[in-house]
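Structure in structure tokens, see below.
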Amino acid sequence: MRASRVVLVGVIGGSAPTPAEAVAAEAVGRLVAEAGAVLVCGGGGGVMEAACRGAKGAGGLTVGVLPGISRRQANAHVDIPIVTGMGEARNAIIARTADVLIAIGGSYGTLSEIAYGLGFDTPVVGLGTWAFERAGHPAVPLVSVRTPDEAVRQALFLADRRQL
Amino acid sequence: MRASRVVLVGVIGGSAPTPAEAVAAEAVGRLVAEAGAVLVCGGGGGVMEAACRGAKGAGGLTVGVLPGISRRQANAHVDIPIVTGMGEARNAIIARTADVLIAIGGSYGTLSEIAYGLGFDTPVVGLGTWAFERAGHPAVPLVSVRTPDEAVRQALFLADRRQL
Amino acid sequence: MRASRVVLVGVIGGSAPTPAEAVAAEAVGRLVAEAGAVLVCGGGGGVMEAACRGAKGAGGLTVGVLPGISRRQANAHVDIPIVTGMGEARNAIIARTADVLIAIGGSYGTLSEIAYGLGFDTPVVGLGTWAFERAGHPAVPLVSVRTPDEAVRQALFLADRRQL
Amino acid sequence: MRASRVVLVGVIGGSAPTPAEAVAAEAVGRLVAEAGAVLVCGGGGGVMEAACRGAKGAGGLTVGVLPGISRRQANAHVDIPIVTGMGEARNAIIARTADVLIAIGGSYGTLSEIAYGLGFDTPVVGLGTWAFERAGHPAVPLVSVRTPDEAVRQALFLADRRQL
């Protein structure tokens, strides 16, 4: 691995997903790992845990950027816990660290991560997540998809194009 | 002043507002100061600068939570510059520090601040800002208003109710 | 007040000072306020609280950059609570925001703030605080003083020289 | 790997080391990797780069917690770049993420990381680094060693004891 070459896919979403969202997150995690990319997330439960479980089931590597002060917060499928102690300000780190973000469902924390991603020019792929607009503002370049497969395909395409 | 009693009103919005947004921001700043509240913002240009100018014109106190590493970034109407050096992660600080947020226009940085506010239970009043929704998510408690006067009235009402 | 003109004096030190340290901190706070400067600190107890009490007794303005997620953490003499939610990472903010730091006693948190100050070229005045050295490293430009009066005099001199 | 089992060794030190410090850092990185631990550092040049080079030469995994906003800042031997965008506040993250810190030489940034480590109860091993004391303060539990071999041996012992 090399920083200059590794592809880091961020998976963002809430800690209380619907069963369908959890299934989708696990599939996304698996596909990210199968593509040889590293999974980055907030390290917690729900969508984060499901995505990590999927990635680990496929032999991938997972990074959890935790809000609290202890590694014990990490879900059981996080390989590399980054213990920030900075609360939700860590959302900015996830959005900067990932080459691309895949948002699955989620609540306001996820919305803040999507907003950060768009502000940092980190591409964002949405799977059943927030839609938003503002009168007078240019169209939001969030790529909406319908399946985990499409999400990961689009994400890898956008990450690849970004590194050119 | 006392931390336990001061009312801090956060004004958030972009650095490249329309003329109408800048006028609204200046009026909001003025009304915040006239109400005896302290204005908190990101300390930069555009909406932030207009709001600070309005507050100072009415004899108020302004706090700018700056992203960069120098006080020189602050607009000329910031009294207390907080130099974070933490980039956009400082958006979380604004949303935690304010008793209530007033969002005027804005781009993705503003959206991240709105999202943080909602996640932290800091009430958010919107004046020509983002609208958003997610299927399956409870309705977003963003209070939409049409005038600076309504914005500040609502903000003070929500800040007051929150401190009860 | 204007960001470009206000002098912000940071007072750093532990939450469990000796009685003599607390007395010194209160005197430092008073002298900072009498000089017309704004006091910045971590907003908590011990040295921070004593310094804020001293400043308020002299009619000054106090800013507390809090580590936690609630304004209720602030001591009773903080006027402007900045709620970072970023834990001890907020020490970097104090060291960047202040024009000059006065360290009184303190433990490892204070040492981290002194180190940040020196790294950011924020002058540091020490009153009974850490001494440190490393073989091969240039002499540390920490200004040691013996009284609150000397501390504030030196601090204002260094702050003034820095703004030239 | 599992978050609950991986050992993360933080290596901290300056970006402008002496040749002897760089040699020591490379040896430390190699020994960390040979022990099966993950290397965490600030991701930059000097001691950080030498340690990462040593770890990669021995087939290890390296994490760089970067201060800036781009992965391009990372030295060529960082596998997992964590892009914080938070400047030196990221020093707190390194000190929280590591099970144990090894400090090699260094300037004020390193001193801030040592101080954070001691404050967070992350054990710190020093190899030619800062010495410090304060009258009235309990003795500082920094473990001084003389060789890379001793540094890594002590670090692994302390990390292991900490997880009990």
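When the chains are written out, they are named A, B, C and D in that same order, and each has its own residue count from 1.
Here, contacts are C-beta pairs under 8 Å (C-beta built on N, C-alpha and C of every residue); 3 or more make two chains touch, one makes a residue touch a chain.
Note that this is a predicted model, so its numbers are computed, not measured.
Peer 1: Hop distance check: subunit B to subunit D, minimum number of steps through touching chains?
Peer 2: 1
Peer 1: When contacts are scored as defined above, which chain pair ends up with more C-beta pairs, C-D or A-C?
Peer 2: Looking at C-D and A-C side by side, C-D shows more C-beta contacts.
Peer 1: Could you put a whole-Å number on the gap between the CA centroids of subunit C and subunit D?
Peer 2: Each chain's C-alpha centroid was found; their separation is 28 Å.
Peer 1: Provide the C-alpha centroid distance between subunit A and subunit C, rounded to the nearest whole angstrom.
Peer 2: 39
Peer 1: What residues in subunit B touch two or more of the other chains?
Peer 2: Each of 69, 84-89, 92-93, 120 in subunit B touches at least two other chains.
Peer 1: What does subunit D use to touch subunit B in their complex?
Peer 2: Going by the criterion above, the answer is residues 69, 84-89.
Peer 1: For a test of understanding, state which residues of subunit D touch subunit C in their complex under the given definition.
Peer 2: Subunit D residues touching subunit C: 18, 86-89, 91-93, 105-109, 111-112, 115-116, 118-120, 128-137.
Peer 1: So in the complex, the part of subunit B that touches subunit C is made up of which residues?
Peer 2: 1-4, 6, 8, 38, 43, 61, 63-65, 69, 71-72, 74-86, 89, 92-93, 96-97, 120
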